[in-house]
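The block underneath contains the structure these notes are about, expressed in structure tokens.
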Amino acid sequence: MDLYGRDFICTQDWKVEELMAALELAAQMKRDRFSDRWTSILKYKTFLMFFYNPSVRTRISFEAAATELGGHSQFMTPSAGRFKTQTKAGETIEDAAQVMARYVAGIGIRILEDKVPYYGAGDEMLLEYAKWSNAPIINMADDRFHPCQALADVMGWAEWYGEGPGRPDFEALRGKKFLLSWGSGALARSWCSVQAALLIASRLGMQVTMAHPEGYDLDPEVIQWTKQNCAANQTDFEVVHDPDSGYDGAHIVYSRNWVSAAAYQDGALQKQAEIEKAMAYTGWTANGERMSKTDNAIFTHPMPVDRGSEVTDEVASGPRSAVYDIAENRLHVQKAVMALTMGL
Amino acid sequence: MDLYGRDFICTQDWKVEELMAALELAAQMKRDRFSDRWTSILKYKTFLMFFYNPSVRTRISFEAAATELGGHSQFMTPSAGRFKTQTKAGETIEDAAQVMARYVAGIGIRILEDKVPYYGAGDEMLLEYAKWSNAPIINMADDRFHPCQALADVMGWAEWYGEGPGRPDFEALRGKKFLLSWGSGALARSWCSVQAALLIASRLGMQVTMAHPEGYDLDPEVIQWTKQNCAANQTDFEVVHDPDSGYDGAHIVYSRNWVSAAAYQDGALQKQAEIEKAMAYTGWTANGERMSKTDNAIFTHPMPVDRGSEVTDEVASGPRSAVYDIAENRLHVQKAVMALTMGL
Amino acid sequence: MDLYGRDFICTQDWKVEELMAALELAAQMKRDRFSDRWTSILKYKTFLMFFYNPSVRTRISFEAAATELGGHSQFMTPSAGRFKTQTKAGETIEDAAQVMARYVAGIGIRILEDKVPYYGAGDEMLLEYAKWSNAPIINMADDRFHPCQALADVMGWAEWYGEGPGRPDFEALRGKKFLLSWGSGALARSWCSVQAALLIASRLGMQVTMAHPEGYDLDPEVIQWTKQNCAANQTDFEVVHDPDSGYDGAHIVYSRNWVSAAAYQDGALQKQAEIEKAMAYTGWTANGERMSKTDNAIFTHPMPVDRGSEVTDEVASGPRSAVYDIAENRLHVQKAVMALTMGL
């Protein structure tokens, strides 16, 4: 298996054994974080981080990942450049990507729904960069996918159902019930993390239940892939439209706000309208009572957590909350992906 | 003495022997700047710099400090994140600090008076980060304290009264007269540097004279601690309200603008009002005539210097100006503090 | 030859043999990019990048250069500081430069015409920094010059007329015809790159033809130096005012938009007026037909390329386009200049 030079834009683009190679390496890296097996992999090399949207966790974890691999991450925003747009002269992605690839070992890009005119336009931009760049393109979250979050999620679940930090048991996840529930709140959040979670959970053999209000369907293509993944693993996929029933017997609970399927109008995300629409659905909150109906489920969330809306403090800070471990895993999975795609 | 894992928010939190350990290490580091005794201390490790307020000197010196210790500093501003405020949903410090501490070896924070609703709120935020973060919190200047500036100051004074750069004599400072004078100007400056200087000067056995117009008192608690430090060292503490008399027999002159004790109104620093108020007090300037009344005093200032208002060019660029040496010392003391609190 | 500590603000400040030393080292570095001959040159050292104007290519290439030399580049913008201006109290360059030089091995500065009140003011600022800083000042593009671009350009030309990437033949450039043509477009571009190209082309023995509309003359002093360089090399310098004739027999074609000689009015660059003025001169575009009249010329451009205005896609992406190679060379020449001026 040779992942050198490969882009990582969506987990569906990689074979299961390729994803597992990254996850197993991430676990090794977590067990022995500063081993000289990894600290020279990107020695003197540059990883370019291109943030169309700002970020704290993704920024810190990717920049630290490069440092821990012996290399250096550059932080860049598009405001630094004169890029061509539909209405403004400037540089094409064709030119920008070909030049950047001369300087750097890899390029990470983040672009979310509020920076693009229609759903999918951010992911298309990553594919355009990938077309022209010889250096691997790593998706640091776009409007469709967040594959590094997906790897961190599943690694965390497998640690909790395995032997703890750095000792995940991915087989233990097979057949477990994964509940992805829409969460209340005023944050009008992206589809990328929850879609990435659906894809990885179904890929690794979990039962999948989605719970959301009517109108909060996700990308039909992602749902289709999720169903195919479940079918291949002979697991169930179901959707419910109430905030309670999905918890029954769940092993992993993911409660997170996201925008409705009608979020884009007139060439832009209607964030304020989405916030108002979401206000009609209070009470979609992971709380102790709901968690008590699960099979001693762990609570998972990509953070930042909107406490009080998506989840109560009791659950988010409780003994079955995996959120900090999963956040930490971002570092380890990103180191693994960078090492495999950019290290020789 | 083990300082590993300790926060550095105010010099009063550290014992004198702990401060001296940092200062002596800083002097060694200055004498032998790129020795391999230090260049691997933070190897592959990340120091996170979190700037609520922008900065040049602090930014460059902290980032260079990490580089010279073999590590890497990340530059971050809060605009990158979605933090909870009184009026906006977002991430709590509880969550942010616990996650950051998974990624990094230490966290530096700068937050000054113009970013907070009342005096002390910035320092409280650092204490909140320190409560939740396993990684040490280093104060890169808050609305109350600037402990790294204090160490750089006293190291510089001890070099000038010792054997020169890298060869400070801290005993030589005992009993010397330290004049902290308010300075004219339109900059409405923070209390943090001057309060930090009062605390360190009194702690290390100096006589302390403060000179300022009526109404320009500093934090009563800091003044109380300064008096206690003086009492413990059997030195004098005095306050005068004219711009001349304090210079008599002084050994170290610090002339610097700061805002009045009435600077906060209606939940915000009233910067423009402070500038106008300060205009009534022209002539509080360290000049050659005043310096001639001292005991051949050195001139100290944390920079940036407001030339012509706080001090004349003649003094700031004169043969007894320690300002560049002290600025350089920021690097060395920060390296020492980082090595002691973050290096194993 | 000892270039340690030297500033690099304009190629005219360096002797030809000094420029050649940088170029030859750059070629070595390109042939053997991560050789341990270079990867420790800036070990634990800081290169400070000070961007008054934003940039992508310059930023990435300088930051990667420091990384590949084992050091670290800091990214800084003046908004971080409180600098003295004609109307605002703040820090002087005298103070800022002397302090920065205590922390860092070298300082790169970019300041372009839209940030200064008159032509040349940006370059004057670099000279002021150079006056006070002990650390070398590297011009990362100012309103007059872009010397690193010039080195990258000529290295690229010599590779195309030599034995390919990393194997430039500078002698092969002697007597070749260099066409610098004004280019159409709405970008109101700087004089710095084109002036730097005139100086380096004439310095290394090329025939120089400039083509531009009436009123688009460049800096008379630069033209004077170019003429002197040509005279010293016994080559021709000519100016034409039509978009076609210059192509006849050219070996290197450089088509680029720039502002007119009347661009500054009332203490500021009149960007919008310049864009409107330029609209009168459509058709100054390097296209296939014009290139067919050359002596199989290569196409050169410092990027970003304004495709469709300065040059057609056919030419910019064609088999004789050197633009990506030249962009890559930015990295190598900057590594060479940094190694020579900052490495011991």
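Letters A, B and C mark the chains as written, and numbering starts fresh at 1 in each.
The rule is simple: a residue touches a chain if its C-beta (ideal position, glycine included) is under 8 Å from a C-beta of that chain, and two chains touch if they have at least 3 such contacts.
Computed from a predicted structure; not experimentally measured.
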Fitting chain A to chain C on CA atoms, where both chains share a sequence, rotation angle to nearest 5 degrees
120
If I list every residue number at the interface of chain B and chain C, are over half of them used by both copies, so same, or under half, so different?
different
Distance between the centres, which are taken as Cα means, of chain C and chain B, whole angstrom
41
Among the residues of chain A, which are close enough to touch at least two other chains?
72, 75
Once bound in the complex, which stretches of chain B touch chain A?
43-46, 48, 71-72, 74-76, 79-82, 89-92, 94-96, 98-100, 102-104
Which residues of chain B touch chain C once you look at their complex with the stated criterion?
34, 39, 54-57, 59-61, 63-64, 67-68, 70, 72, 75, 185-187, 303-307, 309, 317, 323-324, 327-328, 331
